[in-house]
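Naming follows writing order (A, B, C and D), and every chain is counted from residue 1.
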């Protein structure tokens, strides 16, 4: 079966041009004028772009005896609804659990995925088994290792462990990822605030101010530089962290920064909302920041000192969020966003003139595929690339509302926001998963995307 | 006739892969495995890359009643010998000369070009005719207007004129270029140094220190931002100018910086050489800088705060240079470099690990084509793109020497330097212009490349 | 007659201690415990500090055939009421007027001064007479020369003139001052805004955005560095200018920045006030800025990258402001502030913890006296220093209101603001000019303060 | 007995003037013209300045079962010989040793001091006793607590301990000090280098590059800011650390940086000296850096972003240094400098025009006394101040040589360096300890200088 996307303007990270695309067997078979096929998708008036890649999601993430609410099925369905055709989840070994054992669990969870996916492996503890199996993990096609500088007593590793793992990554030709907040300070601030009787969600933001993120980012950069490993800083939310990244880049260091769509458009005033649920639903780490940090992040995307936009999608239900009713440190950290990333970024980025359509493709897809080393299988409109394609209608608009969303949670942090620019079609490895608002995603259609190491530096 | 480049690894700005390329009628007809053709060029062991584009050359440039020594023929032959398949010259109207009249002269000079070429139009004076004809100039396919902040009493325009021209460029959707040095200070310093009896080439560098370039760069950026025009800063030679550029970019301003290969590898000690000729041959503006400025420029290319590498090729013979024997201000400004840019940058950039091969393609070709708006006709390995291709042999080495160069001048500022990485073949719009060191370029083969405006911001 | 200030805590730029001060013949005769005298001023509960110095005022400034409203008498009376015991005015030669001739006019105007005063000489034009007389001017005790980079067609000098004057200053051992805004851009923006029909006071701010000030500051710094002259940037109002200053200082350049009290506490929303008079009364250059620039200025005072706080006091009546009713470019530029600088800075700086009392003394008095070279005659509590002293009651509060002010204008840009911290006594060269709110200043008591050059660098 | 210093020019941090000084009972009794006394010290042709204060020395420091070679007697004698009249040593409790117990040991060692002294208390471990006794320590007159981020397994504290101690300092109104290098990385690098067979002194520098210091400085700043405590960074040796400090200061944070005279004038090439002893004698932490870091430090002193100059005097004999013959990690860390700091800084700072004489006084004495809170008892030429005075002969010159030095070690890292500018007299609390090269210091004359806390922020 040959499917042709007809009459649109192809937008890639590096150019815009009019052409049709023929898709066969899940890949792009041909690009050119006047293509013919068994089935035609009308792209007139649309931009035809590489499907989005979300480099940072947590689907069915284990948490306090339960799991984050969206699993691989609902999560990837939400992704496709918003034009995102691949997600990268984080495999999180339990303390002392062998990473390959954790991978087996993740593989089982991912069976229901509607879209393609990959994993980052989290180095949640350090020891010989971790050191040894990291090689096998890379051979499995996972070339990115995540490290937590926060979540003391749980996921956090100390500097000695971090440096050892970074050096291991360097040997293996992998890239190191960090969640950069100083966990010691966060823990001490949490204790202080609670002891002062401040238990509400606003305490969450007060316990993790921008300087705490800036410090950890700066520290991770130095350690990565000394270890000789490229560094990818997840959820860069503030000027302090961005400053550390661009200062490093100006020394020639290979460092990447990942703003989230949430931090680009939402701000810290949300935590002072009179409704506890409203505020708690916005609790994530790092927290939303003051508006001036948003300016910094947008400028970073424009200047190239920040490279990608993600969601850290980790959805919790109202009930789950209420675990922290009397103690903000027990509110599960995370918000949704998978369905909203592309329309919100287009609306606030492209429609405002901050980003060109090409830059939009770069930061939502192509740059990610390159950095994570699955380009041009993903992130490209090229013959032979996977047919992960979004046909984007720049005139289509909607108001974000939980009622119509694919995520299983009952609210949306972008609720009420108008977006203009939405998928007409989303193709997942050739399959039409979204057609003008109708979601036809197939659970189990998604496959694991292996990403080999770059080779040691 | 179908010509196939076989067995190489294609390197573009965004990826590396193995494939053959078929060329027909001057364009790329097909890319893929196992292509067949009438003629085969063996690319085994080679990188197949978009031919270089030099965005900044001066061929047969009028000067003190004579001309710079390389004309379009010898200049483009030198370019092809080094893997560069397109050059952009500067059309320089005389005072009060209509720009369209100047263009006619430039067209005549360019007839002998062996490789494709385009022009920037220089706004060397300001007035109604200039304002009016700028529109016709853009319709001719010239979307870049150059402004001199130095060369007082000659090419220099003042801030009022500059701002008026920048606003005109903004209306026309063009990009503004600047030579950024404070001409008032340079003139005063020249006078002071001469009056103190300092007449030798070392005075050239003393009269134009880095702060003088940094100031003018900063000023041009502000004026461009106020006018709403993208700005391209030619020959960014020092940390001060680079700092101004990256500070602007971090505010979201659209500013580009162009280091020259000379400034990346040569330093100011050259002007203190005991041999007057040696020193005078290195006289160009801005002058070579201290080594720490080189670090800044390389880091800028790595971080993306500087985007392209050029030559400002403007060759003068020994005799011409000697016009300034007793007065450094009369030494014609300029050096060669067209043949050397690609091999020297590969040697010092790629072989040292500073740049990846993909980044090499970006800064020598693709970024330039995009910024100057002739991508993907130029700067790309894509079906339909012009077959401007270099088959690059990373194992081929040579020692740079004036004896074997294509430029007509008798010396070379890179003389004695070992390079490793040279063209096996250079194709100019499909024609094999260089074959393993043998130059078969055809005078007159080069055509003008029109570059339409981007549209007003 | 020996007057003793008793029971207070002396606060200088470098320490705080309890002691009495005896004053005789206009100077400080003795400092120590338990002093006796003919008259005692009770300083119990008070801080005894060097009287403020305002380095930047315009009294009876010629303007469009009339004069700014406060003359040396009312201006210095206002100064004393607020604890300021010395002002420095700007002598402004007419075009081609010899500076010594202008000085004679200024001397005549200053006869009514209640407090000591000095002048800066403005280099409002350039030529042989200016060059020659600059030496005589320095011999008259004026070691600071002001230059306007704005006010095109009036006070503005171009880069060539500026550089020539800076070099002359360097020869004479003087310090250069600049009003740093790019006058060419301001003029073009004014014309553009007016032509678009935007004639109200908000156009004033739109025509001189922060980047325009940042550029001119950066340019002046480079020119001063090349000339080898220390540079003092008046009314530094924004992060852009501050950034240029601290970048220069980090290269070891001798550059000073002067925020105004207005820019520290008032912001650009004032120009959007619905009442034309309200907005017009706030028109000054540079205009008030967004709040984030205030943060930058305060941090500069804390870090030492900005050194002094001034007013640029240049008061115009409601009627005078209305010259610009239909054209914002005709609104006379200037606001008052002489009486308010010290109480407002104390309230917003010291009471908020941003500045220590010692730092307050430094930025309102001591640093100024040092930079302008009249320390320790002024700016000090030392035996032999002029008895310019303010006995500051940190518990005394008031609401600023035009009704009770000394300035002759009918409004006050700080109107309605609560201040806490006011003079109990102000002594002008030993004379009690202010006693608990009662003003007893004597017109004509003020004398010229000569400030010799530092000597060439 | 009244001693008069006659005919000199008094230089303080804020002014220069001619006056005599009368000294009685160890304090300054009078300053003025034509003073009379029982004994006259001729200061004609000299600058009369506050004696130097060295805020960072280690005398008779316990080390591997022995002690650093200079004790309080020889150390303070060396200090006086070079014009330094007060030193601040570090009291270093053993693991779990109560700080008051350690203080008793330090008091015993200090009995032989020829000049006044104070201590910083090092928080070498963390626990309840430390927490509790910190208050008693401040009551003893020690308001500065030192923390080591390096020396893993020995003096180093981790982030949790550091933050707890910083918060305790904030409560007590004390200032936190840090030795800022990332100890985890240093330890890992040492192990790596040794395992690669690199055992010589050059390994010392390779194991602690500038980024490692920059990171720790940045981290300490964040922790101090979060704790609300002023921070003093000892031995700031590189641009990276300086950048972190000035970035913090530009946010209004109270952070101080202390370059050492060694880092200002010596560079990393010393470690590549062919003579092992030469190289090992220069081993200190942080190590000497490349020349460009020197530029940064000098500019910091000029701009005020760095405030003081110290020595970290910690002298080891040739024999002691040889502990590390086969393992650079066992070379005792430290060099001398107490006698050399003032003459070398004058020679390289004042004689070159980088610093004014007033700035010299500020960075060697007055700023230190203010930051450490013993001003104006120390660091001042004021009536009532301790008569710690140096009569400085700017024409006196010498060549530094170990033969003539007061330190007991057999070498000097400044050996062979010419200095111009040396004490004619040094007065230690009124006693003439140095007279034209003859040292008459009295062991036991030195007294402890108490420094009360500033009070909580």
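Note that a contact is a pair of C-beta atoms (placed from the backbone, for glycine too) under 8 Å apart; a residue touches a chain by one contact, two chains touch by 3 or more.
Not measured: the values here are computed from a predicted model.
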* Structure fact -> Output for shared partners of subunit C and subunit D reads none
* **Rounded Å distance between subunit A and subunit C, as computed from the means of their C-alpha atoms** => 53
* Chain centre separation in whole Å, for subunit D relative to subunit A (CA means) -> 49
* subunit C: positions in contact with at least two other chains -> none
* Inter-chain touch pairs (all) -> A-B, A-D, B-C, C-D
* Residues of subunit C defined as touching subunit D within the complex -> 13-15, 17, 32, 246, 249-252, 298-300, 302-305, 353-354, 366, 370, 375-376, 383
* **Footprint of subunit D on subunit A - complex, ascending** => 158-160, 163-164, 167, 182, 184-185, 187-189, 209, 211-212, 214-215, 218-219, 222-223, 225-226, 243, 247
